[in-house]
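As structure tokens, here come the structures.
In the two assemblies presented below, chain A is common to both, partnered first by chain B and then by chain C.
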Partner chain A sequence: MIQFSGVEKRYGGYLALRGIDGEVARSEVVVLCGPSGSGKSTLIRTVNRLEAIDKGTIKVEGVDVRDECQNRLRARIGFVFQQFNLFPHISALRNVTLAPVLLGKWPKREARERALHLLNRVGLGSLADRYPSQLSGGQQQRVAIARALAMEPPVMLFDEPTSALDPEMVGEVLAVMKGLARDGMTMVCVTHEMGFAREVADKVWFMAEGKVLERASPTEFFTAPSHPRTRNFLAAIRAA
Partner chain B sequence: MTFAILEQADIWRLFATGLRLTAELFVFAAILGFGFGAALTALRQSNRWAAPLVIGFVEYHRNVPSLVQLLVWYFAVPQVLPAILRGWIEQNLDGFVFAIVALSLNAAAYISEDLRSGFRTLPKGQFEATEALGLSRFQALRLVLLPQAVRACFPALVSQTLSLFKATTLAMAIGVGELMYVARRIDGQTYATFAAFLVPTIMYLCCTLAIMFGGERMQRRLVATGADSR
Partner chain C sequence: MIDILSRFGTSLLIGQFPHGPLGGIALTVVMSAVALLCAFPFAVGVAMARTSPIAAVRRLAAVYVYFVRGVPLLLLIFWAYFVVPLVTGVGTSATVTVICALVAYEGAYLGEAIRGALEALPRGQVEASRSLGLGYWSTSTYVVLPQVLVSCLPSMVNQFIILVKDTSLASLVGVHELTFSANQINAQLLTQPLEVYALLAAAYFVLCFALSRLSQFLESKIARIRSGSTGSAAVVAIAEAI
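Entry: the complex of A and B
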């Protein structure tokens, strides 16, 4: 579904990604974790070209992301941001309908109904006409997930979706993500929620200093990590 | 008694035609000014090569007196145009059109600067969210970024609208029969100077107050939709 080969990304003199290889299979849930500055966010942002890469290739469903029209590529990759980034001047419902109506995915007269269906799926059908500022952080992030789903993307990318939330709102967002995983969505999540990784992930990729140091099933990852950096990382988050 | 002229219906008819022309100048120049101002901001935002041109345009209009700009358009520019075009202009265009051109370009320069400062208040995430959804630059600008930029600089835009309204008086300098032009004529014919100027003063004041209150109401409505708080 997504293939990375030899991906490098440089910011000035700093090498943020140092040769990433790997593959995310269809319906697979991959959790990217690692210390901050390890390149996790940069890596998923290269998939929909929010960041351009300097070397290597990334293929989504077999197509090199640099060969495809940028906006068409992005329309088939759902992206959820840490800061939600809902559009504050329009209602939750309009946030969801905006892209699919503009890009001709939904006929205009069906838009409301379809958006309500999605908002119901994330448990917010009754708040469809509220503006983002009238919603809690957790609700905003769930609207953002519905917005990303509206384009019916085969892949969803999550960039620390719960990091900006108050602790009591993390659960509701993770629940929505778990539902997606159950429905067979291909997902790549940058997250520090190790409970989520343990429960939902098919693979955990551990990154440090711009490289993927370890790739393992959650059981393996949490019980028998092979790389010393992984052991340090796990010890550090367990101590916290 | 200088106020005696105010009992003549003819005088009021004259004031009315002046007021109508003032209103027309204002409405046309405002529509064009906002449209062109938004286009300038978009151009500057999206095209590296256009930026210096936009900056030049803005600096000319902000730093040369508005009256000079108007006279340049009306007297100077036609002279350097090809003869055929000049002939057509003399046949078909009058001071009214030139006044609208000069006023709207002037307003556009200020409006584009206000919008630009509005854009600068938008968090980077808003731009990225439109990109991640696959919207084109133009779609993003029109439906997501511009509406937010307008909200962010709304008070400044109201004040530009007021300035534009007041600047319509400049059009009298090229013989457009707007309200001040009419006042001068009535003054010249009747010598009832105080009354001749009192009436337009009150008319201008009523209009500017209406623009101000209209602006405040719109501002309140934008706040009520929860749209300007993040």
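Entry: the complex of A and C
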């Protein structure tokens, strides 16, 4: 589904990604974790070309991301941001319908119904006509997930989707993500929610200093990490 | 003052219309409205060019803005009035040339005000829109500008008010607008400049004050809609259109 080979990204003199290889299979849930500054967010942002890469290739469904029209590529990759980034000037419903209507994916008269269906799926059908400022953080993030799903992407990328939330709202967003995973969505999640990783992930990738140091199943990752950096990281988050 | 108004009221209001050309307050309002309606989309274009992803477009817009900001408006008006017909060979009315100069001038200032708001919009808004597969133009039209134009409404109104007052410079190239009418009346009366110019000041004040109030009304309407308490359907439609 997504293949990285030799991906490098530099910001000025700083090498943010130092040769990333790896593959995310269809319907697989990969959790990217690691200390801050390790390149996790940068890596998923390269997949939909929010960041350009300097070396290597990234293929999504077999097509090199640089060979495809940028907008078409992005339309088939759902992206969920840490800060939600809902459009504050339109209602939750219109946040969901905007792109599929403009891009001709949904006929205008069916848009409301289809958006309501998606909002119901994230448990927010009754709040469809509210503006983002009238929603809690957790609700906003769920709208943002519905908005990304509206383009019916085969892949969803999550960039620390619960890091900006109050603790009591983390659960509702994770529940939606678990539902997606159950439905067979291919997902790459940058997250510090180790409970989510343990429960939902098929693979955990541990990153540090722009490299993937370890790739393991959650059980292996949490019980028998092979890399010393992983052991340090796990000890640090357990102590917290 | 009352007798000035009763003698010259009509001429202050509409000039010699309908027996001659439109003048007075009416012409000032028409010039302001036309200049404003042309300057606004032009300024949006300037602001977008100033923040364009294409470097050449950015540079061109910057040259334009620096040039216009660097010369007095009066000079632009003289230029448009004397030089443009000479160069192009097409003579246009003084009113039209002044409007063109005003649009060129306001385009730079208003454009910079809008650019400021464009750059203040959190980057995540554009990223979210582009991540959905929307292109540059859709993103600008449906995501960026509706937010930006509301957030810079106060500074836009500021520029619009300046524009209304700047139409007074048209009197210097013989456009029979409000200031020109007041000058004429003063020349006839000779003894009452204080009263005549007080009337002139009052007229400009009323125009500008009305514009301020209109923008306050719009701002509070939009704020109310976006905070969710329901306004009338028409207002919602307006807010979503801008």
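The rule is simple: the second predicted complex is superposed on the first by the 240 of 240 C-alpha atoms of A that agree within 3 Å, B and C clash if a C-alpha of one lies under 4 Å from a C-alpha of the other, contacts with A are read in each partner's own complex, and residues count from 1 in each chain.
Here is the rule we use: contacts are C-beta pairs under 8 Å (C-beta built on N, C-alpha and C of every residue); 3 or more make two chains touch, one makes a residue touch a chain.
All figures in this text were calculated on a predicted structure; none of them were measured in a lab.
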Problem set entry | Combined model on chain A where chain B meets chain C, clash or fit | clash
Exercise. Does the superposition put A:Ser136 against chain B (first), chain C (second), both, or neither?
Worked result: neither
For this session: Tell me which partner A:Thr57 touches in the superposition: chain B (first), chain C (second), both or neither.
Result: neither
For this session: For A:Ser5, decide between first (touching chain B), second (touching chain C), both and neither.
Result: neither
Exercise. Is A:Ser27 in contact with chain B, with chain C, with both, or with neither (first, second, both, neither)?
Worked result: neither
For this session: Across the two complexes, find the residues of chain A that touch chain B and also touch chain C.
Result: 48, 50, 71-77, 79, 81, 83, 85-90, 98-99, 102-103, 130-131, 133-134, 147-148, 151
For this session: Enumerate the contact residues on chain B facing chain A in the complex.
Result: 123, 125-126, 128-129, 131-136, 139, 143-144, 147-148, 151, 225-230
Exercise. Which residues, counting only chain A, touch chain C once they are in their complex?
Worked result: 48, 50, 70-77, 79, 81, 83, 85-90, 98-99, 102-103, 130-131, 133-134, 144, 147-148, 150-151
Problem set entry | chain C residues within the chain A interface of the complex | 122, 124-125, 127-135, 138, 142-143, 146-147, 150, 226-228, 239-240
For this session: Please name which positions on chain A make contact with chain B in the complex.
Result: 48, 50, 71-77, 79, 81, 83, 85-90, 98-99, 102-103, 130-134, 147-148, 151
